[in-house]
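In the two complexes that follow, chain A is the common piece, with chain B as its partner first and chain C second.
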Partner chain A sequence: MNESCRVETVRDGDLAVVRTEGYINREGGEEIERCIQTLLEGGVSRIVLNLEKTKIVNSIGISILIEVLERMMERKGALAFCRLTPTIDKTFRIMGLAQYAGIHATEEEARSALSAIA
Partner chain B sequence: MIPASRGGASALVPRVREILGALGEDAGSDDVLLARIEEAASSAPDGDVAAWIAARLLSRNLKDARFELKERVLELESLYDVGLSIGGQLDLESLCDEILLRSISLTNSRSGALHLFEGGALVLSRGFGGALLSPEDAVRLNVDAEGEINNSARDAPTCGVTLSGCEKCLVVPIQSETRRLGVLAVADKETRDGTIRDFFPADARLLALFANQAATAIETARLHREAVEKERMDRELEVAAAIQREILPREVPDIPGLALAAENRSTRQVGGDYFDFFPLSGDRFAFVVADVSGKGVPAALLVSTLASALHLQIEDARTPAELVERVHRHLFRFSRARKFVTLFFGLFHVRTGELQYVSAGHNPALIARAGGDLEWLHATGRPVGIFEDSRWSEARTMLEAGDRLCVYTDGITEAQNPMQEEFGTERLAAYFSRVADLPIRDAAARLFGEILLFAGSAAQYDDQTLLLLARRDLRTDEPAQSL
Partner chain C sequence: MAHKEVSLSIPSAPGMELAATAQAEALGEAMRLSRDKIDEVKFALVEACINAFEHAGQPAGRVDLRFRVSQRPGGAEMLEVTVADRGKGFDPARVEPPQLEQKLRGGNKRGWGLKFIQSLMDEVEIRSTESGTTIVMRKYK
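Let's look at the complex of A and B:
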């Protein structure tokens, strides 16, 4: 199994898709945080986080994602998750991430949901 | 909005530290909070900041508590979900993956491994996060801690095990009720600031619960594999039994001057027993009793090959020995698995009472003379199908009126009772001495009853076949019997 987290970004105007691969732990979470911070500073306000290639996330990774979410909310931005494994989907719902960010089956659905936000 | 102190941002820091100290908080560990307070206070109007700081800390602590509570809920949900997975899917690899990933995730570990015993050795079954717990480590732990791996995390909030490839490691056994199945290991519990910390007793308890679930999954998968294998074997045995039913003669031929009886009893593992009759011209009558090696469909197919070879060659062979040699060459050529066959082939001259026979490694046939004497007809050569250049000699004897010939397979003499004693040739001989006055059909049927009585509750694993032949006299003169 692949363990270290890699992040790939595709930007489309003020919307960006961030695709992760690997373990979202402290290291992986911080990699995502850095990437999103850069996007926010570059004018992106809506972000789709595609976790299709991530099979495992721990609570430190989750706490970092929550901090990222809080930062985005402070900036009036929006974030949506997509392509979660059933285990990660359930984890995000229990840990409260779903209260602040939509969870979608596909990247297209997540993009549509964010595009609909004024 | 934060109320600021009169001294400005620089004067605020000692005051904040003082308040935090009074609240039992370590200000030094919370530079981020301090920085935010300084930033906010620099532009705030005068006022006491204590209440604000206390409120922020309370809010943060409540947030942390809520997060921890959610983590506990997540742990319970994970255990529940894995339990459901064990009940719902029988793919052991997926279950092991799920258990390992959840173990790593819920203990905030960086890596982990699940090792299982295979053929007596502990081998890596699933791994995540790089080299952790090499097979050598796993074996060492297993040897050092028979029954319980020494993991001090059970007793104190430190992990006593340090292994190659990691700083700190937590290892628990995967144990069924009766045996050690493997080990589950996680390593390097991480913190938000990037350091590695000791595992907690709660981590050990959680990991032990996952290990228990892994044990259940492994045992369930093993039982499932066994059930599937049994089902496959049952199907195969049905096929083998069907083949055997098709090959064995349905009726005993009616030969003037002869009394015949033959029976085959299949047992739990349908074997390769075979018997057949060959009425020939010139008052001659041939018969065979054979036992091929192996069980199930392969054995049944070899019986089929043997039967075909005998029926094809019997008209052309000049002697029983030549027939057996022809059959041997045929089987040797077409049986790739080097299966072998023991067989007793007899050619009986009805008018004269002479019996020519070849016994290819077969159990000794028994002649119960009308006068009470017993004679054994021993093998005249090797089993068929093993050595390419095998040859068989032929033997002759005479059957007088009232003499009985008993040819059988080893399923009869090797039938076992619960004490694992075999029925044996002595009991067989004693039986035929006792039933000399019975018609041979009854003598054959009662022998199987005798074996059943002897075996009691012990399961029998080899087919039992018996062929009885007698020259007709007044006592045994009876019509041919249907099988």
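Let's look at the complex of A and C:
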């Protein structure tokens, strides 16, 4: 039994939106990581991760998201999350993730917040 | 509500944790637990399962699950989920709480499972010996 994760990206200059669908486990996390690595190598420095269609994540997937965040911070980039389920939102806040990445209700809010970063 | 109990044994294989969450969801809905509470139980259960898979003791090890809907002495209903493996066990007191700041400075990014379980459930008991680990998690209605 498995529920694979699909990833879609939309790029707008140095900002990109990455939309996920499905379970973010090890495979899902690695798919997101590959996608974001390609964006970073292509000059993107601000990324919105929209989890609207992801209803469940696990700590292995989350550990890969931490690696992605670390890589973006090293490059002076910025990452923001949006459209989290209440449980994923709560979990990210328990981790203290909101200190290092934006957590927003909508994709528009997340894009605006990242666009405001010089 | 009548006492309900379901037992399940799953192989320690990636993805099988979702079979466990389907059972938790069905019982949570039957006892009319709120959607957020059901999702919190599912999240914690995924963590308990993948922890058990990693410590199940043998490549083809199995993990035993028990779901129980019952009433507390005060009358409130609760969903109790028990996850048991036959691995070598661990000392929960020696598990260091994860710190995101440290994890963002390199090194191992894992180690969040127990923190998530303890934060999302109302009560958690961990019994671990050299012959296995049992985690009992309770969520009150």
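Definition applied: the second predicted complex is superposed on the first by the 116 of 118 C-alpha atoms of A that agree within 3 Å, B and C clash if a C-alpha of one lies under 4 Å from a C-alpha of the other, contacts with A are read in each partner's own complex, and residues count from 1 in each chain.
Just so we're on the same page, a contact is a pair of C-beta atoms (placed from the backbone, for glycine too) under 8 Å apart; a residue touches a chain by one contact, two chains touch by 3 or more.
Owing to the predicted nature of the structure, the values given are computational and were not obtained by experimental measurement.
Asks: If chain A is used to align the two complexes, do chain B and chain C fit next to each other or clash?
Replies: On the shared chain A, the partners clash.
Asks: Quick one: chain B or chain C, who's touching more of chain A?
Replies: Larger number of chain A residues touched: C.
Asks: Figure out whether A:91 sits in contact with chain B (first) or chain C (second), or with both, or with neither.
Replies: both
Asks: Looking at A:73, would you say it contacts chain B, chain C, both, or neither? Reply first, second, both or neither.
Replies: In the superposition, A:73 touches chain C alone.
Asks: Under the stated touch criterion, which partner chain does A:38 make contact with: chain B (first), chain C (second), both, or neither?
Replies: Neither partner.
Asks: Let me test your reading of the model: by the given contact rule, A:25 touches which partner, first (chain B), second (chain C), both or neither?
Replies: Once the two structures are laid over each other on A, A:25 reaches both partners.
Asks: If you stack the two complexes on chain A, which partner ends up touching A:115: first (chain B), second (chain C), both, or neither?
Replies: Neither: A:115 stays clear of chain B and chain C.
Asks: Quick check for you: in the superposed arrangement, does A:58 touch first (chain B), second (chain C), both or neither?
Replies: both
Asks: In the superposed arrangement, what residues of chain A touch both chain B and chain C?
Replies: In chain A, positions 1, 3, 23, 25-26, 55-60, 63, 87, 90-91, 94-96 sit in both the chain B and chain C interfaces.
Asks: Where on chain B is chain A touching in the complex?
Replies: 66-67, 70-71, 73-74, 77-78, 81, 98, 101-102, 104-106, 108-111, 126-130, 190-192, 194
Asks: Can you tell me which positions in chain C touch chain A when the two form their complex?
Replies: 14-19, 21, 36, 39-40, 42-43, 46-47, 50, 98, 100-101, 103-106, 109-113, 115-116, 119-120
Asks: For the complex, which residues does chain A have touching chain B?
Replies: Within the complex, chain A contacts chain B at residues 1, 3, 23, 25-26, 55-60, 63, 87, 90-91, 94-96.
Asks: Considering only the defined contacts, which chain A positions touch chain C in the complex?
Replies: Going by the criterion above, the answer is residues 1-3, 23, 25-26, 55-60, 62-64, 66-67, 69-70, 73, 85-88, 90-91, 94-97, 99-100.
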